[in-house]
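To keep things simple, chains are lettered A, B and C as they appear, and every chain counts its residues starting from 1.
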Amino acid sequence: MRVLFEEIVFGTKRKEQIVDITGEVRAVLNRWGVQDGIVVIFAPHATASIVLNENEPGLERDILNLFNLIAPTDADYHHNRIDNNAHAHLRSAAFPPYVVVPVKNGKMLLGAWQRIMFVENDGPRAQRRVIVEYMGE
Amino acid sequence: MRVLFEEIVFGTKRKEQIVDITGEVRAVLNRWGVQDGIVVIFAPHATASIVLNENEPGLERDILNLFNLIAPTDADYHHNRIDNNAHAHLRSAAFPPYVVVPVKNGKMLLGAWQRIMFVENDGPRAQRRVIVEYMGE
Amino acid sequence: MRVLFEEIVFGTKRKEQIVDITGEVRAVLNRWGVQDGIVVIFAPHATASIVLNENEPGLERDILNLFNLIAPTDADYHHNRIDNNAHAHLRSAAFPPYVVVPVKNGKMLLGAWQRIMFVENDGPRAQRRVIVEYMGE
């Protein structure tokens, strides 16, 4: 059994932003030369999300609108008495900061329209991290 | 370590539909004769969801109503300028298309009322696929 | 490969309640002396959730308010014709009852503000169970 870790590190530029990391995850798996297993893509942040969906500019806006619908930026939150980012925490609670994807013959078994998208809910941030963990053969 | 894959393939008949696939997943695990590990049940579709919950006709309607509340069918979405299924994408983003379940002595450790339910958000479709991946002993 | 199971068992005292179980999960991993792998933290209940987020009293209230926004306690649900807890089922569908966390050198790779929080949606209950499964080296 192999258990492998890598970190993808990047900055975000806007308050809310979607960053497609599918290519980076694929590159890591290819470099490792893995076979059959799973990959866990995990952001160690309480104000970020990872969403599995189509990467299309209009849909990106719809997704960010949905995030804003679930937890509006400027609602009256209790957490904002000590910080100013409750909406971002709630979005990370509702849209969790990780996904698990099957890997077969070294390839993620994603559908044609499924991309791995990091969602910044509390940017901009100089450094965001995503852990890529492979476990399998 | 064993890493095993199977696909469950089926069609859907309605625009929105819940398909309980618990029995199919159990049958696959039984056929394989697995021991301790995990099973990842993953739909490679950007307009489907997999929900872990009770299978009761009234609750099915409540779940579909919740999906419609989160992303109403006929709201004004940006993605609909190039396609007509933004609501289905958003539902798949909010209710992800996979679940991970512990397996012990060959049995999924589901609670008494937990069933594995595929949710069609953009049907009918002639063919929907669900990947069942076991990893463990 | 090691596959290890433990159960965390506790009661809940209120109708809605957040229980931080991070310390219990860490204690189980420490006792096992694990290395690199994953941990699946899974509640076998159709009316509970597990959320990964900051544990701060104000945010706890915000999270419970969000749960109530997604599925209000006293809306008119179909499932309530045979039971009285549809809202709790819907919250468990929207906020799933499990999380998967990478483990490296025996430590969960959680961010500084990420805690593992069990959410009771249908309490009080004399006994709630959370399965902790480690798979890895």
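A few notes on this one:
Just so it is clear, a contact is a pair of C-beta atoms (placed from the backbone, for glycine too) under 8 Å apart; a residue touches a chain by one contact, two chains touch by 3 or more.
All of these numbers come straight from a predicted model, not from anything done at the bench.
Copies chain A and chain B of the same sequence differ in orientation by 120 degrees, per CA superposition (steps of 5). Of all residue numbers that take part in the contact between chain B and chain C, under half occur on both sides, making this a different-residue interface. In terms of their C-alpha centroids, the spacing between chain B and chain C amounts to 20 Å.
Shown for chain C are the residues that touch two or more other chains, namely 1, 70, 94, 100, 135.
Residue ranges of chain C in contact with chain A, taken from their complex: 1, 36-38, 51-54, 56-59, 61-63, 66, 70, 94-95, 99-102, 104, 109-114, 135-137.
Listing the residues of chain B that touch chain A in their complex gives 1, 3, 5, 40, 42-47, 70-71, 77-82, 86, 89-90, 92-94, 96-98, 100, 131, 133, 135.
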